[in-house]
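Naming follows writing order (A, B, C and D), and every chain is counted from residue 1.
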Amino acid sequence: MSLELLIIVAFGGAFLTYFLGKISSKLRNSFAVLNALALVVIIACLYGQTMEKSFYFGFFSLPLILRNNVLSWFFAIAISVLGALSVIFSLSYMRNRERTDFYYLMMLLVNAAMLGIVFSGDLISFFIFWEIMSWSTCILISYNRGPALAAGMKYIIMSIIGSMAMLVGMLSLYTTYGTLNIATLSTLVASSSHGYLLFLLIIFGITFGIKNAVMPLHTWLPDAYAEAPSPFTAVLSGMLTRMGIYGFLLIMYVIVGAGATLHLGHGFFTFNNILAWLGAITIVIPTFIAMLQNDAKKLLAWHGIGQGGYMILGIAFGTSLGMAGGIFHTLNHAIYISLLFMSVAAIQYRTGGVRDLNSLGGLIKKMPIAFIGGLLGICGLIGIPLTNGFVSKWLIYKTLILNGAPFLAFAALIGTWGTILSVYKFLHNIFLGQLPEKYKNIQKSPFSMRLPIIVLSFAILLFGILPGIPLKVINAIDVSLGFKSLNVTLWGIASDSGTLNTINIFAVVLVFGVIIWLLFKAGRKAPKVDQYDNYAAGAAIPKGKYHYTVDYYNPFYRMATPYLKDFVDVFYMKIAKWTQNLCNTVRRIYTGYVGNYVMYIVLFMAFLILIQLKWSVF
Amino acid sequence: MDRNQLKKWFESPAKMGHKYSLHVVYFCTGCGIIEIPPSITARWDAERFGVIPVATPRQANLFLITGYVSVKTLKAVIRTYEQMPEPKFTVGFGSCPINGGMYWDSYNTIKHLDKYIPIDGWIAGCMPRPEAIFIAVTHLWTLIDKEMADGYKKYKENYRYYRANQEQLYGKLDWPPLFSEEDKK
Amino acid sequence: MKSLKKKLESSFSDIKINITDDSRITVNIKKDAVVSILNFLKNLGYEHLALISCIDWIEENEFELVYILSAYMEKDQEYNEKEKKTILVKTRISREESKFITVINIFENAEPYERELHELFGINFEGHPRLTPLFLERDYKIPPFRKDFDTRKYVKDVFDKIPSIEERKK
Amino acid sequence: MQIWGIILSPLLALVVGIFFLGLSRKIMARIHWRYGPPITQPVIDIIKLFSQKSISHGTIFDLGLILSLAGSFVVILFLPLGQMCPLSSGGLLAILYLMLLAPLGIALSSGEAANPNSSIGISRKFLLALGYEVPLLFILLAVMTHYNTISLVEIVRIQSTTGWSFGSLPLLLSGIAYFLILPAILGIRPFEIAGAGQEISSGANAEFGGKFLAFSTIQHALHEFIGISLFVNLFLGGWSLFGILEPITNTVWGVILGIIVFLIKMLIVFILGLFINAVFPRFRIEQAIKYLWKWPTLFAFIGLIVVVLVK
């Protein structure tokens, strides 16, 4: 299997899907699913192969290179599996909507572009794919029109800023070294001066920081996640945003190299320390802002930002344990956040687009699979033991504590508690409590929605109980980036100070669960009662009003609301406003009178003459 | 705890448990409730009998109705009684639940509470002193021992009778019947 | 006190005013003038409708409605802290017709009082937005506070007729 | 040894936890000048509750409670009990996360109960947890940084040679902070608001009856055990007693005496907590958070800084 084939299948399939859609929608749907699954198969076949190939010469006399290594493969498999699942999910979600052909085209195009990014072996093709991804993402975010247009606009503006920063970095690299081949660069760059390295890291850090929504550059994310069509939000949150992490890994540990990155700066102000602190801020503030959200997708979106902070914290320290934690968390995050978005999408699909947490409730009885998805998703998000999130977070915390960064560890740990509060609210308000009368006749979600949810739920438990499966690959990544190898077993990790063994946690939870379940069964049988047979101080309970959702953490809201605002967003909006006003002012010089224009010309001439005079005088 | 007690514990732990752990839900309608605070606090200390107040009927097994029951509050009494888990015991406190007491000819006060829910014992008096509660508790122990505190069984067996009496007052009730409405004889 | 009496007597004809004690005035008036006298008193500063009460004069076949008013603060010149005045506006309505006009548009808090009177005496207040049951759970043929309502007979019929469970078994 | 530990330590925790419940009721009664219930009263209650009928609101209503009880037992296996520590992988971080299973299970269960009182109780419980978790994390990080390990067994072992961390200067402030937040962790007064019977019908327990309430009571007992034993392990040196037990480490007698010493320490801490419980009214939830984020957090924060500086 060659990489060109992969790219051809990915891009060609996307456009073919569009044209097939003009013939029949059934054909288009099945072809889209087949195409997405074919990509998974091709990438799975690439496992363990290292290759590098120029597929086009003469792009401004630069070769465009595709290459495969274990890091690329790891990201690619996650992208393709997630892409396939979300295409399957879209089948019923997008039914009876307009512009579906276009939606599938863009969906597959984003997928293809992401694969291109991770497989590209030089920065110029990296940049091309990056731009394809940004633009098609923007179009998909704006798919729903209305407020989605503004969200898409915000995204694309920030994305362009990022791309321009990357372009500057690339140009500088090209003028310095005369090549943009990543493999060649990685041998050349490490020996340059500290200042230049810092410049490179910062300029690329802005690009990837915007994509990964690191704290001061995060403002595009909540709106974009909330307004994008839900199956696409799963991709957007799961992998697309995490291209930033891939980028950070690329620039920090491949191009610049671990040895050079970790010794930039003095004392507290080293590059990776600053990055880690940014990561810590990215964890704490968004997680607490998430508590205030009443929109299910926005709540998850803020968590998407917050979890990105954990990955940054993991990779910033540049130890093999931390790298493993950061990369593993990227995968885990992709699994559980897309699972959560899919559960929300299933709810939206059945309730007619309702995602307001205050008006749902009791849906567990109607949509059990969506509930299981939601439950396992939030368990992973919190990092409850036996779900995948626990292992990666454990690795990150351990790195922080052993590296003597207790304050960063505190930020990461307190983020977990904020997470619990907000995601329990999420789960409770949607699934638990009283079922409102209007949702009495709601249907189960269709099979094409249940399948991805079940697959991802299974993955959460599998990677939580047997984390060795992905950790083996991640360990190979660690080694390929020049770090020490970890002692990975199938059920955990063994290191010098403290081991993790998930299988014995699993065993004891299982044993005690069974014992207590037997005890429970031994007690007198508890008949199930109706939701209206409920304690209400002796009164018959009022229908539809007996669910505690609005202002779920009211005492805390009263305390914290003034402090928990997205001040950065407010600041950016202010800058945007100022710029607009400035431009409005400047526009006034075009008065439309010829006399004025003549006066401008005369003044300009006078100015030139003045300069000329001055020049000649001195 | 003498040896006899110990033997009983081994023979029928459930019955002994019900005896010595009476979790009470108080129904505070009338003046009777004023006698409850001294009885559960330091002066008389009901806790030494294992009698403690609990918050919801789901957690309780003794229902103490303290004071007159009006037609409106009877609804809540029935609802609370039906939400208690079996086995459950009911005690009427004061003379009003027994026969109406001083409200014997009031158009809006229930005269005989045991026509609407089964009562295992009465504490007569207007008002009874807190000591009377403890006498009632010890009597209830004897009744539980002899399996005579069987109000909840009676309720199940004669549910149609009780439900009919309840519905005679209110018309249709807001909640569905607790048992299938057949006399089990 | 006296000046208030004079004021009222000069403004309304067919009025009987009784000063029962230092702080209480009873005003007996025909039922047509109740709305206007309540308006008049409200403008004088008696803004608090404490209660609407009713007395069933069964021999005279009339209901007597009593509007109890008092003042929150000094508007009336004679008002001072020590003598808080209460004005009882009394009027008679026919027992057969048993209907009267609502005073909600003067005193908003009359709403529950009128509902209560409707429920317990069966007086129909015209213009009241919702004369629904307030306290009672059951329907009574004769409203229970009327004097011709025989509580003992009612108790016998409703409560005592139910057989106790022992009797039923026999 | 490990097998014995796995079998014995949950049983021991169960017995001790329920004994503590009974003892607390007795001591509280004596402080109130009452006679009080027999010390076996919780056992009687649990027997009664098991034999009572109950109702269920759905599958999660059952499973959540089972999960929470199982989670509590699992945490106990990860805590050193004297010299006995059946499982140790993952260290203090794993314990911290395993401690989430119990509240999450209860929260799911009472969420399914569809009673607003339960939901309010859960919301208060989580907020209170957020309140005490801030100082608690500072404290745990101070201890972990000071001993440079995440393993609780290791922390206890080091204390047996170098003396209790409560007595050592860098960790003194952290120890004081832990003691200040102990009532919040145990959920006793003045931090009883989450399960306030009079206001929100005992919060999360509002719909539990019969065996559900029995499980919930046992879970509460285990929770108290966990909270106190974590304090004893972290700050009072676990089983160590001024080096007296040092010579007989790892013998059978050593293990037994170690457990006894450990339990006595727990008893003392528990009774101190009870004195606070007996005399205080309840905080409102904002007051509780404000208190927890003021003094204990300040102490814990300074404690962490001291630890980092000393290192």
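What we mean here is this: a residue touches a chain if its C-beta (ideal position, glycine included) is under 8 Å from a C-beta of that chain, and two chains touch if they have at least 3 such contacts.
For clarity, every value in this text was computed on a predicted model and none was experimentally measured.
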Most distant chain from chain C by Cα centroid: A
A-B or B-C - the one linked by more C-beta pairs in contact: B-C
Euclidean distance of C-alpha centroids - chain B vs chain C, Å: 40
Chain A and chain B, separation of their C-alpha mean positions in angstrom: 59
Between chain A and chain C, centroid-to-centroid distance (C-alpha), Å: 70
Touching two or more other chains - residue numbers and ranges from chain B: 56, 58, 75
Where chain A touches two or more other chains at once, by residue number: 533, 535, 537
Residues of chain D engaged with two or more neighbouring chains: 50-55, 117, 201, 206-207, 210
Touching pairs - complete list by chain label: A-B, A-D, B-C, B-D
Residues on chain B engaged by chain C in the complex (per definition of touch): 71-72, 75, 100, 104-108, 110-112, 114-115, 118, 154, 158, 161, 165, 168-170
Complex interface listing, chain D residues touching chain B: 25, 29, 32-38, 41, 44-45, 47-55, 117, 197-198, 201-202, 205-210, 213
Complex interface listing, chain D residues touching chain A: 6, 10, 50-58, 60, 62, 65-67, 69-71, 73-74, 77, 87, 89-91, 93-94, 96-98, 100-101, 104, 107-108, 111-117, 119-120, 122-124, 126-127, 129-130, 133-134, 137-138, 141-142, 144-145, 148-151, 154, 201, 206-207, 210-212, 214-215, 284-286, 289-290, 304, 307-308, 311
Contacting residues of chain B [partner chain A, same complex]: 56-58, 75-77, 79-80, 83, 174-176
Residues of chain B touching chain D in the complex: 13-14, 16-18, 20-21, 23, 41-42, 45, 47-48, 50, 53-56, 58-59, 61, 84-87
